[in-house]
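In what comes next, chain A is part of two complexes: it sits with chain B in the first one and with chain C in the second one.
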Partner chain A sequence: MVVVLFGVSVLMFSILMSFSPERRAVAYATSAKQIKEIPILVAKYGLDDPYHIQYIRWITQIFKGNFGYSTVASSPTLDAIIKYLPTTIELNLFSMPIIITLGIWLGTIAGIHRDTFIDHTTRIAAIVGWSLPTFLFALILLMIFYSQFQLFPPEVISDHIDDFISDNPDKFIQYTGMYVIDGLLNRNFEVVADALKHLVLPVVTQVTVVIAILVRVMRSSMLEEISKDYVITAKAKGVDINTIHQKHVKKNALLPAITISGWLVCLSIEGSVTVEFIFNRAGLGLLLVKAATQLDIPVVLAISLLLGLIYVVANLIIDVLYAVIDPRIRLN
Partner chain B sequence: METKVEHPRLKELKFTLYRIFRNPSAIIGIILLAAFTLVALFAPHIAPPKYKHRPYMMPHKGYSMEPKAPSQQNFFGTTSGQYDIFYGVVWGTRTAFRIGIIVVLTAFVIGASFGIIAGYYGGWIDEIIMRVVDVFFAVPFTILAMAFVVRFGRGLDQIMIAMVLVVWRRYARVMRAGVLSVRNEDYILAAKSMGVSDIKIMLRHIFPNAVYPVMVIAFMDAGSIVITAAFLSFIGLGAPIGYADWGQMLAMARNYIVGPVGEPLKYWYTIFFPGSAMILFVLAWNLFGDAIRDAFDPKLRRK
Partner chain C sequence: MTHILDIKDLVTNFYTYEGVVKALNKVSFHVNHGSTFGLVGESGCGKSVTVRSIMQIVQSPGVIEGGEIHFSPDSDNGETGIDLLKQTERFMQDLRGNKISMIFQEPNAALNPIMTIGEQIAESYVFHRKNQIIEKILGLDRTGENLFPKVSANPLFLPLYHLALHRPDAFLLELIKKVPFLRNWDRAVLHTAIEKSVELLATLGIPNPDKIVHQYPHNLSGGMKQRVVIAIALASEPVLLIADEATSNLDVTVQAQILDLLKDLKKKNIISSILLITHDLGVVNETCDRVGVMYAGNLCEVGKVTDLFENPKHPYTKALLDSVPKIRQIGDLKSIAGNVPNLVNPPLGCRFHPRCGHAMAKCKEVFPEMTIVDDDHEVACYLYH
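Up next is the complex of A and B:
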């Protein structure tokens, strides 16, 4: 795991090193003032030194929290990431539970009722969901539910609510930066309702994109488990068929579904980028897209590093979880 | 009586084709793919280019930002900037095929080569190659591709290079797994003991027997690669303005998803035509890829 993280940092550093010293100096700057004094930065961080010496200097700066200065956000990169992160977390806080519960449920019933109407519908929905480009789906949703019915607007929060929050810092305290949770903590339900209204379409998009793969894996692992000997034994003993499916088959069928949760994390990250860009939500994904289109090197590298870290840690958690759930692995 | 004995390879191929053509979704996929191929091949006849020397640039009459509805001159209407949508959809098919095929083939060659070398030699070579693959796997596809695009700059060729640099990782991993499963077969050991060179063993004996899983995911990937390329073009990293590319055409339409008061869906055609083309194209590859998998997977094919 550490090796992979080290590798990711080397990869990102190599991308950085392929720029000229003058251009990559931005990745070391800490303020707007320093950006204007590039030659000083080049001298200070020895950007003409050999590769490995520069790498050590760069990684030290990273560990000190200096990811360079972002021209897109006009603030240090780390500050920008901290500012944009809550919106992304909020989106996934709502979509993840839905994806997991709905995905497992749909996969289970599709597996139990093989080749019936439910099964065919979920299969077709899964392959269409898989083929539908996320950004196009989000655009269509916006066209129907925002333009035609004027129900769910884009962005994170309505303008009048945003003004209210910035005008009354004492009445509305921003604990987390996530509007739904802050609204609940401040007992301001107008803010909660408005934020939820803005979350509906993004969450629907995110769920549709990510859920397909979970339903597919859950279905096929249900099918595999259902044909095993212990199911026949249980049936022969006269155990209630629902008990067999829910208590025995489903539990075993969940194991392959857990193996792909790393993939789900990956899809959620990619989904967040698209969703935030289309719905104009000020999250990490939007920051990343803006940075990429304006060639803001420090932000793109920092977000890639961060996402690499999240992905590796998520995989570690999945491995641990797998051992906790499956005694066969634990005992080995 | 003389019974005709078929060559086993021919028999298997016949069975594979039978499997593919028995599957209704595969037939839909193949018909769609065939239709797109015809459109791509005959693009100059279906939509004659206005600028002969650069046919991929969409012709546009005037510079008005407001899209115009479908009419006699413009079957699918015009998008923002008066670019002809019909022309863009037709020539965009070529762009989509070019991106999908070039990226998949290049990544396939790179990934499969690394996979064979890692699996065949094993030891520290395997260790190094697979750790590099792990590193590339640690960052999600789109994000890593964006990081590379920042290095190479904007443009269609640039995003294709960036995607190749990401996509190869999966082929390397799957190829290696395939190689490991055949590496210790008797026929390989026999070839080795007869002094056949490593390169010949890899190409002649290991490659054909380990390549099917990689081929299947390559077919399945073509669709998702076209989506990612379209997204990169959509956010403005790919094709230049006016280039016949579905992602770019959707980006032009983005400001027109909300129509004027009273007619909220007035500009539906700016999204509908390029969007449908893209969905059908990706669906075609996915259905086809699914069928190929069912037909080639030894666990599923005889069921």
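Up next is the complex of A and C:
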């Protein structure tokens, strides 16, 4: 785990090193003032020194919480990330549970009812969802549900709500930065409703794009498990077909689905980039797009490191889950 | 002697992409009450498909397309019994693992890898003896015949147990199954069943049964797993036990132990009749009363083991017996020339004719019906028509 993170950091640093010392200096800056004094930074952090010495200096700064100064956000990178992160978490907080429960459920019934109408429909829907470019799908949704029916608007929150929140910092306390959760905590249901309205289309887009892979994996592992001998044993025991599917087959079929879910989490967060860009939601994805187009190196590096961290943590959780379900792993 | 199982003209096909696999082509034989019937034949001749058809657990894309399977569990009344192929799936569910049980070829694959041994044996009781277990939990056992151990249940749920006993299809029970936490209200049933499984494993001579029920299949050796599979099959005291190559994948000593166990169970009348599938003719000779020889989806010869082994009629049976080493071997061992036919396009007429030294013109056109050649000895070959 630590090894993976080390690898990611070395990789990131190597990318950083491919820029000139002057450009790299922003990655060490802590304020707007310093940005104007690049040569001082270059001298201070010894940006002409050998690779490994610079790496150690850089990683020390990272551990101190100095991710450099973001020109896009006009603030230290860490502050920018903390500001933009809640929106992305909120999006994934809604889409991930839907992806997991719906994906497993669809894959299970498609596997049980192999080659029937249900199976074909879910498969075609999954393939279409997978191959449809995210931005195209999102634009179609926006055209129908926003332009035509004025139902679900883009962005994170309506302007009047936003004004209300910034005007009344004592009445509406921002605990998490996620409007739905803050709204609930402040018992302000107008905010909750408005935030949910803004979440519908992004969540639908993200679910449609990411779910396909889970449905396919779950379906094929259901099919594989159904043909195994222990299913015949259970049948010969007199167990009814429903219990066989739900208790015997599904649990075994879940194992491969769990294995890919770490990848799924990353895919989902990656998907957030496009979704946030199109729906103009002020999340990490939007920040990343802006940073990448304006060559804001510190932000790109920090987000990549964060993704690496998320991947590692997700896989740790998966290992634990795996051990809970599969007794064969528990031993080792 | 009455027949516990009487199979007539059983036809089972598999609809695969390569074509229709005609796996069983009018198979007919019967199993006597209290006897052991052996079914032998080369790999792929349809032995497993035959017994899976009997229990109606043929895997897709297999379909049972014709025939009759008469099953009469009671030996005293001389009726023809019930035709299993005419029964509902619900009826078959109650029958499987209860009146007819099966043990399998591959103990490593036959157990669910992520369920404990106890849970897997317990399922037999939970599905076939639920009422008895609930009666025991509720203390309703007046006759003293209820042999389940007493497990105490949460007193809060006792009304639910009463309901489950008298109206098992009640809507409330369906509903409660969907509520998290509450849906495990009938834990005591499972616990009773697992306790009972411990007793069962002990009678099968398995050491530390109380530990084994909490272990998983990967913790056990192959022979141990096969004993567990046998325990699952015996849990509900079936009248007919089907053993599908139950010993083929075990090493020789374990194989002998398992066969001794089966013989012993039969002697103690724990099981009455056995349908034993094997390709080991020695095992047949030792354990079976009657035997049927299968070739490419057909039964070619059936009769008492002593008759059939001493006086084989069908050319395939003769060839099969010649291919087995004997203790006093005279002459060379002979293998059977040619290959097992493809069952998508099997040879017309007798399916053995391309490999048969006595093939006549007739053999290539029409399938030879079974003819009686001796008392309880039938053969499907034109040489005896």
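Basically, the second predicted complex is superposed on the first by the 331 of 332 C-alpha atoms of A that agree within 3 Å, B and C clash if a C-alpha of one lies under 4 Å from a C-alpha of the other, contacts with A are read in each partner's own complex, and residues count from 1 in each chain.
One rule holds for everything that comes next: contacts are C-beta pairs under 8 Å (C-beta built on N, C-alpha and C of every residue); 3 or more make two chains touch, one makes a residue touch a chain.
Keep in mind that this is a model prediction, so the values were computed, not measured.
Peer 1: Now for A:Lys237: first (chain B), second (chain C), both, or neither, which partner does it touch?
Peer 2: second
Peer 1: Between chain B and chain C, pick out the one touching the greater number of residues of chain A.
Peer 2: With both complexes superposed on chain A, more residues of chain A are touched by B.
Peer 1: What is the contact status of A:Ser227 with respect to chain B (first) and chain C (second): first, second, both, or neither?
Peer 2: second
Peer 1: Within the complex, which stretch of chain B touches chain A?
Peer 2: 131-132, 134-136, 138-144, 146-151, 153-154, 223, 227, 230-231, 234-237, 250, 254, 257-259, 264-265, 268, 271, 275, 278-279, 282-283, 286-287, 290
Peer 1: Taking the complex as given, what residues does chain C use to touch chain A?
Peer 2: So the residues of chain C in touch with chain A come to 52, 55, 57, 59, 93-98, 101-102, 104, 106, 109-116, 123-124, 127-128, 216, 218, 229, 232-233.
Peer 1: Could you pull out which chain A residues touch chain C in their complex?
Peer 2: Counting only chain A, the residues touching chain C are 227-230, 232-240, 248, 251-252, 325-328.
Peer 1: Contact residues on chain A for chain B in the complex?
Peer 2: 3-5, 7-8, 10-12, 15, 18-19, 127-128, 130-136, 139-140, 142-143, 146-148, 150, 266, 269-270, 273-274, 277, 288-289, 291-293, 295, 297, 300-301, 303-304, 307-308, 311-312
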